[in-house]
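Right, I'll just put the structure down here and ask away after.
Note that the chains take the letters A, B, C, D, E, F, G and H in the order they are written out, and that residue 1 is the start of every chain.
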Amino acid sequence: MPKIGIIMGSDSDLGVMQEAGKVLQDFGVDFEYKICSAHRLPYETERYASTASERGLQAIIAGAGGAAHLPGVIAAYTIIPVIGVPIKTNTLSGIDSLYSIVQMPRGIPVATVAINGAANAALLALQIMALQEHALQQKLLDFRADMAHEVMLKNKKLNEIGAKDYLEK
Amino acid sequence: MPKIGIIMGSDSDLGVMQEAGKVLQDFGVDFEYKICSAHRLPYETERYASTASERGLQAIIAGAGGAAHLPGVIAAYTIIPVIGVPIKTNTLSGIDSLYSIVQMPRGIPVATVAINGAANAALLALQIMALQEHALQQKLLDFRADMAHEVMLKNKKLNEIGAKDYLEK
Amino acid sequence: MPKIGIIMGSDSDLGVMQEAGKVLQDFGVDFEYKICSAHRLPYETERYASTASERGLQAIIAGAGGAAHLPGVIAAYTIIPVIGVPIKTNTLSGIDSLYSIVQMPRGIPVATVAINGAANAALLALQIMALQEHALQQKLLDFRADMAHEVMLKNKKLNEIGAKDYLEK
Amino acid sequence: MPKIGIIMGSDSDLGVMQEAGKVLQDFGVDFEYKICSAHRLPYETERYASTASERGLQAIIAGAGGAAHLPGVIAAYTIIPVIGVPIKTNTLSGIDSLYSIVQMPRGIPVATVAINGAANAALLALQIMALQEHALQQKLLDFRADMAHEVMLKNKKLNEIGAKDYLEK
Amino acid sequence: MPKIGIIMGSDSDLGVMQEAGKVLQDFGVDFEYKICSAHRLPYETERYASTASERGLQAIIAGAGGAAHLPGVIAAYTIIPVIGVPIKTNTLSGIDSLYSIVQMPRGIPVATVAINGAANAALLALQIMALQEHALQQKLLDFRADMAHEVMLKNKKLNEIGAKDYLEK
Amino acid sequence: MPKIGIIMGSDSDLGVMQEAGKVLQDFGVDFEYKICSAHRLPYETERYASTASERGLQAIIAGAGGAAHLPGVIAAYTIIPVIGVPIKTNTLSGIDSLYSIVQMPRGIPVATVAINGAANAALLALQIMALQEHALQQKLLDFRADMAHEVMLKNKKLNEIGAKDYLEK
Amino acid sequence: MPKIGIIMGSDSDLGVMQEAGKVLQDFGVDFEYKICSAHRLPYETERYASTASERGLQAIIAGAGGAAHLPGVIAAYTIIPVIGVPIKTNTLSGIDSLYSIVQMPRGIPVATVAINGAANAALLALQIMALQEHALQQKLLDFRADMAHEVMLKNKKLNEIGAKDYLEK
Amino acid sequence: MPKIGIIMGSDSDLGVMQEAGKVLQDFGVDFEYKICSAHRLPYETERYASTASERGLQAIIAGAGGAAHLPGVIAAYTIIPVIGVPIKTNTLSGIDSLYSIVQMPRGIPVATVAINGAANAALLALQIMALQEHALQQKLLDFRADMAHEVMLKNKKLNEIGAKDYLEK
């Protein structure tokens, strides 16, 4: 049974949103993908959101671009945390998506991450779940230690071979 | 029976949106006001939009600020024209509202006017209605002639008394 | 006899604007294209707009980029609805076009759609015409049902083959 | 023992951030305030974040303006969810704060809300806590019902007395 | 007979535009004011521009705000230099005006000055006229010398009384 | 003897600025190119500007990108008209160049054209020169007639072969 | 003999720039004020910069607004560090000033601080001077300790009297 | 022993930041590279900054992109000058990086250079060091003379072969 829903306004957002899926998979957390347009499929979208809690979802990660209403519309139908991912757009680079998602009115929050920040959306969902699941806490600490270790290895390599060789390899 | 619905995301938008009402009143066209938050009152909002056509509405003028989803959400539930009015905001001056309203994805258009442009939203609704109602065409032409006349009177006054006196009076 | 005029400031806008033509063609609505620069062909442009109503046009879709005056200038000479399409520009990505089109002063509205949103401009014109033509209403409802159906098919495929295969195909 | 930490970069942010405190108080959730500058008090800030989990905090709400590093710096030292509130600034209206908070690099998420959106930050924290505390779920549903009810009452009043009187009272 | 036309889209721009008039007056150059809306008075505006040259105008200074089409529209009907003054707006601070004026397409230039820069528009017109009128050249050099002298006097005062007293007086 | 100076901050701007040269060449007006960095060659730049008038220059066209000081610095040393061309930049697309050029303080105007608008800068210089040279007036009128004619030919072609063929050819 | 020059484009910038003077005064470092317009007083400005080093200046703090060329122009004439302070403007809030100062081309750096950040400009100058003057190092460390102490006192007060009383006092 | 630290938030910034290294190398000044993420390696970053002074560093050049906290975080732990390089980003072109770096609060300055301006960051560091090292002063003056000479050579070439050939070669 999926714990996290990864939804998006269009299948053209899947390339970005699957980074969230990959992170959840690495952490062994079940999730589901759904294309869920607030504008083209409004009734389905409403149903998806309003039944999310009873279906056991712990959070919904919603990506959308342009006039990106999906995260906010979803958030209006559920009280589980909704994490919004502004998708980069061809014309306004995702500023339109960002403003449409983050500037929610008082009463209905959307937890917004960076433009195209789907991986961080998944990590945020994991940090939320980890409050109750101790095994996830350890995995998150390990993930951070791995990140730190990776930077240290890069530093070692950079010191050893210098910037010129580092960039060429 | 109202021909035009003037809706808004919050009663704090009423000061701006009533300019639309005043224009419609001047043209003798029936309308209704409704506070219709896409986020705080989603089911009501859906019902309002999905029944708009059968209730005889010719257009819906929807004002909203910030992550301004109302016009787009309304547009998803009806095929009568939806006119969006981005409301000026305290923080981003209404750029957030503008992007959230105008950058709609392919399939669901919203006819967007200027930030706080509620009067023009009403005039656009009237121009749409005038395609079928010839009496409205004449009224619109008269309105334009009045506007032109008013500018000409101002020019006359400016020429007569000069810029300094014009500004002081 | 064309019902809709699709005009543009330059033939370099035709690639974007023909998306409007394609939509109208799909709906079986007659239209005409015209390159109609507000700056390079001002008298022709004025004549085009001021005779639009008597020639039977129901709406004018006007695309322009940069200091995009065409939609507003057209709107000054006619009371039929003018729909503005801000064209993406090389330097400012179309923000210049958007502001030049949407920020019209009180009295002369332009119904603005998304940057490069020519398809939505056509749909908006169709929604306006559908107020009088019942056959168009049904076609618009069918169009929306098709859009919804298409998203559902994509969801089915995504569930069946997963994100990785979906993206590769 | 506080469940939520409300921290801010400067006491000049307290006027905004106390809206978060008020919401938490209304929901009966213990919290603590702390001024915690990432730049002026870096060691204290590090210690606050790195001990947050063991002290029983469920989430940290961090407000900051300008080059708003506090939420991101905090997030680097803990794996409990960090909610960022971009504070409106005198010069750039909070766009600087927003970009500094939301555009976090891969690995360290910050759940960003609207500029000055402290109340929503608190609601988001409550939605996160409600995943484990069923009593909070009911309170959140009641809160939403109250919001909806309030809008309906406003609609009733607006219909009864009209826009003019509504605005004057 | 006026040498310079100072025109504006609305009499609300007169407060800014009269700074151009004051400069011209100081230099003893005849000018005329005209409210000349591209949208509300299009035929008059066209006539004003297309007869400007034969009436002896040397340049037209055109101020407008929002979707500021006036300078570009004027420029389409004349080959005398058109100087555009973007007027500050309530919502977008004049960025909309600036983009609408400066981003003219190839073929029809508008000489754009700063937002609300009407005084500089007049100085630019004077610099253009001075190419033929040697008396104006001397006046412009004197004007510059006066500006430099004024700064030097301010420096003298600042050195004598210090910053604190300078600011208080 | 050159009548117009075309200067630029760096030889990387030459690709854009030579469009100004081409226009002047087409009109048979003598000009000179000069790389004239306000920052890397300040004394030369000062000398170029302060001697421009006595060398017979009628206008200086100055292109620069980023913190684009060249046009304003030039304008401080001469009273002949200075036309600024903001060059598109890799990072901020030329908004930095535009603001650096157009927002000049009271006293020293720069006639700013569109980002990368070098051709219009040349046309503006020609319109300024045409106030004294009647032959240039006729050439400018011919140029405009040619532009209009070209658009009409394109319309003819578009009507004959349709949008699809037009775009493919 | 002054060690630091605090210069500004206009005496209207003095209110902001004197914050730099106050900081230097607190640290007991001699400085001088000068109004030094790159546009209105170009020769004086050049002389000021080109003689700065021999007069013993260690750094120049230059504030300017709009098309803010002063810091960059100064930097072209000297190799002592130039610190730029973008002044907030009425129209573009200082974004114009910021871009005009920070986006300097390769070869001539300007050390840019925040919009209106004159106090930080002074601190940066002190940090530069402290590399050679050990007494200044200790003063800077004390200044930082005082800042930290002040925040801790505010925290103490906030904990004792609560947010409500804190805000009211 | 390195005099300058060149640090960056990620090895993806190395391509830009090595331009700083190249400049320092050309001037014969020792430096070190370090990848030093404020978010992924916070303790290491803190240590690097807090020991910088005693290790003999004269300045730290810190590059970072997006929510670019590295320069400001470093600056909080040291009183040697910190020079921030905003790295261009894929989504917001580096405006996010710029605002995150330049808009530092009162008390902790970061000397910000242009987006991707790593070479200027190095030159600024050299100008700071040159205050004490006279040999560096001469090298900086030579560097400037070389830059000026290079521009003059380009001018010579441009005059000799013309713009067309210049661009083709």
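One rule holds for everything that comes next: contacts are C-beta pairs under 8 Å (C-beta built on N, C-alpha and C of every residue); 3 or more make two chains touch, one makes a residue touch a chain.
This structure is a prediction, so every number in the text was calculated from the model and none was measured.
> If you walk from chain to touching chain, how few steps can bring you from subunit B to subunit D?
1
> Give the chains in contact with both subunit C and subunit G, ordered by label.
For subunit C paired with subunit G, the chains in contact with each are E, F, in label order.
> With residue numbering as the guide, point to the option in B-C, C-E or A-C that repeats B-D in over half of the contact pairs.
A-C
> Does A-C or G-H have more contacting C-beta pairs?
G-H
> Same or different, please, for the subunit C to subunit E contact, judged on whether over half of the interface numbers appear on both copies.
same
> Quick check: how many Å separate the C-alpha centres of subunit D and subunit E?
47
> Report, in whole Å, the distance between the mean C-alpha point of subunit B and the mean C-alpha point of subunit E.
That gives a centre separation of 33 Å.
> So what's the Cα centroid distance for subunit A and subunit E, whole Å?
51
> Pull out every residue in subunit A that's touching 2 or more other chains.
37, 40, 66-67, 91-93, 95, 102-105, 107-108, 110, 114-115, 144, 147
> Of all possible chain pairs, which ones touch?
Those chain pairs which touch are A-B, A-C, A-D, A-H, B-C, B-D, B-E, C-E, C-F, D-G, D-H, E-F, E-G, F-G, F-H, G-H.
> Enumerate the contact residues on subunit F facing subunit H in the complex.
Within the complex, subunit F touches subunit H at residues 11, 14-15, 17-18, 21, 33-35, 37, 40-41, 44, 66-67, 90-93.
> For subunit B, which residues are in contact with subunit C within the complex?
Those residues of subunit B that touch subunit C are 53, 58, 79-81, 83, 98, 102-115, 117, 119-121, 123-124, 127-132, 137, 140-141, 143-144, 147.
> Residue numbers of subunit D touching subunit H in their complex, please.
My answer: residues 9-10, 37-40, 42, 46, 65-69, 72-73, 75-77, 89, 91-92, 95-96, 99-105, 107-108, 110.
> So in the complex, which bits of subunit C are touching subunit A?
Against subunit A, the touching part of subunit C is residues 88, 93-95, 114-116, 144, 147-148, 151-152, 154-155, 158-159, 163-164, 166-167.
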